[in-house]
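Here chain A shows up in two complexes: once beside chain B, once beside chain C.
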Partner chain A sequence: MVIKEPIQWEQGWGLMQEAITKLKNILEGLTDEKSFTSEEYMNQYTTIYDMCTQKLPCEFNKELYDKYKEIFDEYLNSSVWPSLRDKHHEFLLRELLRRWNSHKVMTRWLSRFFRYLECYYIERRTLPSLNTVALSCFRDLTFDKVKAMATDAIISLIHKEREGEQIDPSLLKNVVHIYVEIGVYEQDFEVAMIADASTYYARKATNWIEVDSFADYMLKAEESLKRERYRVREAGYLHSSTENKLVETVQHELLVTHATRLLENDNSGCGVLLRDDKVEDLSRIYRLYHEIPKGLELVANTFKKHVTSEGARLIQQVEEASNSQTINSSSGVQEHSIVSKFIELHDRFMAYVKGCFMNNNIFHKALKEAFEVFCNKNVAGIPSVELVAAFCDNMLKKGGGSEKLSDEAIDETQEKVVYLLVYNTDKDLFAEFYRKKLARRLLSDRSANEDHEKSFLCKLKRQFGGHYTSKMEGMMTDLVIAKDCQRSYEQYLHINQHVNPGIDLSVTVLTTGTWPSYKSCSLNLPSEMVKCVEAFNEYYTSKAKHKKLSWAFSMGACNIHGKFQKKTIELIVSTYQAATLLLFNNADKLSFLEIKTQLGLDYEDLVRVLHSLSCVKYKILCKEPNTKTISQNDIFEFNSGFTDRVRRIKVPLPPIDERKKVVKDVDKDRKYAIDAAIVRIMKSRKTLGHQQLVLECIEMMSCMFKPDVKVIKKRIENLIGQDYLERDPNDANAYRYLA
Partner chain B sequence: MHKLGRGQRDKLQQFITITGASDKVALQALKASDWHLEGAFDVFYSQPQLKTVADSRHLEKLYNRYKDQYVDMILADGITLLCNDLQVDPQDIVMLVLSWHMKAGTMCEFSKQEFISGLQSLGIDSLEKFRERIPYMRSELTDEQKFREIYNFAFGWAKEKGQKSLALDTAIGMWQLLFAEKQWPLVDHWCQFLQARHNKAISRDTWSQLLEFAKTVDGNLSNYDSEGAWPYLIDDFVEYLQENGIIRKSEDADSSLKL
Partner chain C sequence: MRRSSTSKKVGQSNSNSSSSDLFRSASSKASSKESERIDSLFYSYANASSGLIDPEGIEALCADLEVDHTDVRILMLAWKMKAEKQGYFNLDEWRRGLKALRADTISKLKKSLPDLEKEVLRPSNLSDFYSYAFRYCLTEEKQKSIDIESVCELLTLVLGSQFPSQVNLFVEYLKTQSDYKVINMDQWMGFFRFCNEISFPDLSNYNPEHAWPLVLDNFVEWVREKQK
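Entry: the complex of A and B
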């Protein structure tokens, strides 16, 4: 049995030295041999193995471990570093890549040879592994010395590529990969790269913004982002973890920093794009800003401003047109045309919201807020809700042009009007104006189509609740009942000829409270009419014993024959006018005061009536002096010389402007509504702070109107005075409910 | 008797002057209230055995001196006579304090019940005692709590019977009287404001809240909360002051009350 002799250090190390030299030659390309044979590998491995496992004093673990590092140190210092030292730019990168690859080969072989150290020595002493040692050597002795320059070189290459020059993509990719492998990608490369990107795009942005339109700028921005992403994903020469940071940086420089200036540019900003219907550009803007946090809010804001200014512009147009009309012009611009303009505007911008802005809620909100601003403004001094009511009146009355439209078109318009109403804060005021106009349509038989009326009420009800439309629906029902009543009255007269006054009278019985209130009349009727009224009164009270009738002559109409010299003409007039004219059956000339005394009308009404009969188109009465206005000293005479080519004319009596009264009535109702709300809130809360009470009150009323805080305060004080509430003795700012 | 300090001796003297009590009683009352004059008065007047017995016969006699010829009440003439006897001006605010003690329903008249019970509660049964009580009644105005009660009492007392609100002229007169005592620097502006902008009667709520306003809000309105529960008239007053440059608006004051 041969006992193996322990290998001495010089001997063992000598063997290793040979292998190492061979390895260096391979790396330097100084030999044709490309690698070690298996036998050679086995020898090296075994040598090391022996030298590690031998007994002392021939156990050389430590020495070998130290030597391992020494090998690298020596090689890096003597061969590698000198070859890199004087190189720059792309040459540096190439050499670095070459040296790195060599280093990896060297590490692979050497760590294989020295493998045994890993098994026991390194582990037992928890020393850095062979790979770690090799890597640190490269890093400390080579990489760290060149990394600054290398980073700059890489960034220059990227810059070149951005500017459109050709570069070697694989070089870039592989060199960057070195950083990753060494583990210094972020701090030694990425940070600098991102900073460079930021500067680059900041500069680009400043250039582009001076020269390009918003649309073009957006195109360039989109392109830039695409290319940066490409750099990471497809070309792969930036690590995937960089993508988000890079994209964010580019977005920030291109889209965020100058956002306001871009979006609001007078010549090419969002507003202009909307005006010119540049759908594609707008979609691009949406796409790009969608990725930026709070980016869409910026765009939506510009959108809102544009819509608001468009609305304001429409108002201005209509106001200018109405100002330039003369007062008595019959073909004046009707202010309520603005309603259809608003509807058009809404359709147009909603299309954008649903289309290029992808139905995004932020834009829905912006549109809504914009409309809420200008839909509540007065137009030419007229409250907007009154205009909407006038628009509806026009749509639903005879001769309003709606007869030409199809049912679907009318239905659609009605829907849109209701939608527009949602933006209005004074919904209760609208209801009142609408009700007044509805009443007039119904009572003078000017409603074009009952179904249309009903369908509009239906839509209002659906949007705002049954309470909102209950009175209006009541009015429609009343008419139906009234017609029945009239029919049975006529039958009654037919049967009871002796009570028949000889003149046809049709009566519409209205329920008080459902209809607008008509002031009770002091009119002295001509005797013929008195008989009719009395006959009906008798009939009605016999049928409905508990009900009391009060007559509203201000709303009535009358057909009378005017026996003029040339021919008899049938005149369709209001009851007031008829009563006035019939006075001239008994007198040739009457003064203003005489007429007033005999009729019992009040001053304003009489002026209106006489004006309509003597100062405008059809002069049924002659007036002395022949001026255009009525005065107390005027004298009137039947104009027997009057004639017209037709046999029947309508002499209109223009209604009084009810706006002030409507607003006053609604204000009063609001006060009661606020009172009721306050009491209801306090009853359930018992004690509540002032601010809280105000807020809840506003909340409660919000579906119908927006209460004024001052008014709420006054109502609270009023209720304190009436002992519904008291101030909380323990809290200066709170109230208590008094049961 | 241990020695009294100078301050204590002064207080003792004051007490005796005002209440007419004996040395011993005065000392007791002051000690019991830890040498606070106000508290000593309360102690003195609330203790039955210390109270001077108000002889009801004397009270009747006193009442009859002032009562009206035709009606069983003391009316304006009687009150004038009373003021004369007391050597007090009828417009003097102490008359208000007196009315408060009597829980009088309306100014310028006292019912028999009011007169007698009022005097009893004050421990008065002779003109002399009445005169002696005057300084005490005056001093009550300096007490925060009592002033508030007297102030709030004044509303009901000064207004017309059967009315809910106080006529503006009367209110202004009362305010000027009351705030002369209390020293509220804005009282004149307040009265001017009301005459220029309001010109209507004053509600009870506004009346009572004005005192709180005068007490809590400082001279340049820096701690005035425009969103607070002040009556709208006071909010208007603040706006008036700001509009006329009497008070400068602070930077963060809400100039708009609309939400």
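Entry: the complex of A and C
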């Protein structure tokens, strides 16, 4: 039996030394041999194995473990560190990489040899593993000594690359990887790298902002971000975890710090880009700011400011044109043209919202807020809703130019007008202006197309509800019924010739309340007309016993023949004008006061009528004195010398400016609406604080108008006086409902 | 020899004998005397046909009290009486007032006036007196508000001693503005609250977003403009 002799320390270690020397030579490149043979490997392994498993005093676990570390210490101190010590920059990095790779090879071989320690001794004593020991040696004796310089060297390489110079990407990648493998990537490298990036881009930003336009700056910013991302992703020489921090840093320096200055730059900022329709640049801005938290809000804000100022500019333009017109006193510029300008503006900027700004809600909101600002301003003293109503009137009346447009075009314009109305706070005021103009169109038969009228009402209804358009729809229905009524009347007259007054009278019966209220008159009709009116009255009341008719002569029209010297001319006039002219059948000259007494018209109306007949284009009456205005002392005479080349003329009677009345009526309606709202709210809440009541009231009215806080207070006080509410005795700031 | 006490009492009164009874009967005798005097005082000023003290009678009363008939103390007297109609006192009201003041002669009435003043100006009574003053001036049936000029006079009379600077300023405002031709009870009471709660003259704690009557919002605006 062969009993193996235990290996003594000197013997065993001597064997190891040989292997270690060979390993070092391989690493230093001092030998042609590249590796150990499997036989050699087996020997080394077995030697260690034996030395570990032998019985005391030849059990050398501890000594071997300590020696393992010593090997590294010695090698690192004597060979590795000296070779790195005096190197710098790229050379340092290359050497470091080489040495690290060698170290890994060394670790691999040695830990294979010393493997047995791992299984038993290390495990038993929970000591650091062989790999851990090797790594700490490298880190403590080599890496820690060079890491600051290495980091700097890496960062300068990155800097070089940023400046456009060529560098060795694989070197960079591999060296950075050392940090990762050692586990010090973040604290020893990333922090410094990010700080450097921050400084770098801060400097760039400061340079670019002085020299470049916003568009160019954006291009550079986009490019920079792309390259930094590339550095992480494709080139891979930064760890993927760095990407977010790096990108955020670059964004912050380039896009956030100077955001306001960039966006609002007078020469090249957002406003200018919008003006010059730089779609690509705007899209880029959107893309870049989209990634920054709250970034889009900044851009949208600039957008909003720009749109608001454009709107204000349009208003100013129209006002200036209107002013110069009054000075020149040519035919009035139509202030309502601003409506189509607003529509154009809206289309234009909505295109940007949907396009460059990717239909983002933040921009929709900005557009809306901008329009809400200037759509509610007066233009040349005229409330904007009145202008919208005038615009619609123009679109829907005969001779307004809409006959040339296709149905689709009209439909589109109507849609856009309704859309614009949404921005207006005084929607109830619009309804009233529109209703008045609609009435005039319908009653004087100046509506161009019934279908267009209906389709507009339909759109209004869809947007604002049935209640909003109910009166207007009622008006359209009335007309249809009135036409039927007229037809039956004519038939009736035809059958009952004895009742026929001899003059054609066509009557439009309107339902009170649906139509605007018209002055129901004190006018003394000429006897011929009286007969007609009486005949119709009899007919109508016999058919509709419980209905009462009040005649609105102010809206009527008349065809009369003026038998002038040269020739008879048919005059198309209003009923007021006709009644006035017919007076001259019975008298040659009449004074203002005589006319007034005989007609029973009030002062303002009479002035308007006489003015239209004697001071403007068609002088049917001669006025003494022959001035341009009507006064109480004027004398009028039939102008027999009057003539015109045509046989039929319309003598217009310009309508009175209704604006004040409309505003007054709407104010009154608002007061009632507020009252009703307050009562309704208080009824359901029983007790409510003042501010809360005001808020809820405003909320309730918001779809039609924005009530003034003072007006609400006044209405509350009124309701207190009428015992609908009382002040809460327990809370001076609250009210109680009184049942 | 002592007679039995019962028999003595029979002659005197119907109730059980006790000392308080003597007082009670004495005071009821005294009070009925007092009521008589109060009543006769009333009739000395009342109009014979209407049976009420009318404005003439009140003037005479004032003369006797040595107080001007526009003096606030007459108003205070009316308050004490809970008199309903301005310029007239009826018997019930007269009795009520004078009994409460424990006055059955003119001189006693006159002497009670200073205490009456103090009583009225006590914070617990002032609010009641203040609203009474307004109601007292609503002479027409269904009248709910008082014209500006009368309001100014009334305000000065009623609050002038307590809140002179506020009253003066508010009166000046009311006289210069043209939005309001009359003041109603709600606005009247609002001003009282204003005097009590709002620091003066800075008005720093006044908030128009609260439920103050609009006339006070306008007043404060006017004051602030003035202070500029």
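Keep this in mind: the second predicted complex is superposed on the first by the 735 of 739 C-alpha atoms of A that agree within 3 Å, B and C clash if a C-alpha of one lies under 4 Å from a C-alpha of the other, contacts with A are read in each partner's own complex, and residues count from 1 in each chain.
Going forward, a contact is a pair of C-beta atoms (placed from the backbone, for glycine too) under 8 Å apart; a residue touches a chain by one contact, two chains touch by 3 or more.
Small disclaimer: the values here were computed from a predicted structure and weren't measured.
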Fit or clash - chain C, chain B, common chain A: clash
First, second, both or neither for A:Asp708, with chain B first and chain C second: first
Contacts of A:Ala732 with chain B and chain C, given as first, second, both or neither: both
Partner chain in contact with A:Arg313 - chain B first, chain C second, else both or neither: neither
Partner chain in contact with A:Ile698 - chain B first, chain C second, else both or neither: first
Contacts of A:Arg348 with chain B and chain C, given as first, second, both or neither: neither
Where chain B runs into chain C (options 23-31, 41-49 or 239-247): 239-247
Chain B/chain C common contact set on chain A: 689-691, 694, 709-710, 713-714, 716-717, 720-721, 727, 732-735
Chain B-facing residues of chain A, complex: 689-691, 694, 698, 708-710, 713-714, 716-717, 720-721, 727, 732-735
Residue ranges of chain A in contact with chain C within the complex: 689-691, 694, 709-710, 713-714, 716-717, 720-721, 727, 732-735
Chain A partner contacts - residues on chain C that touch it in the complex: 144, 184, 186-187, 193, 209-211, 213-214, 217
Chain B residues touching chain A - in the complex, by the definition given at the top: 164, 203-206, 209, 212, 216, 225, 227-229, 231-232, 235, 257-259
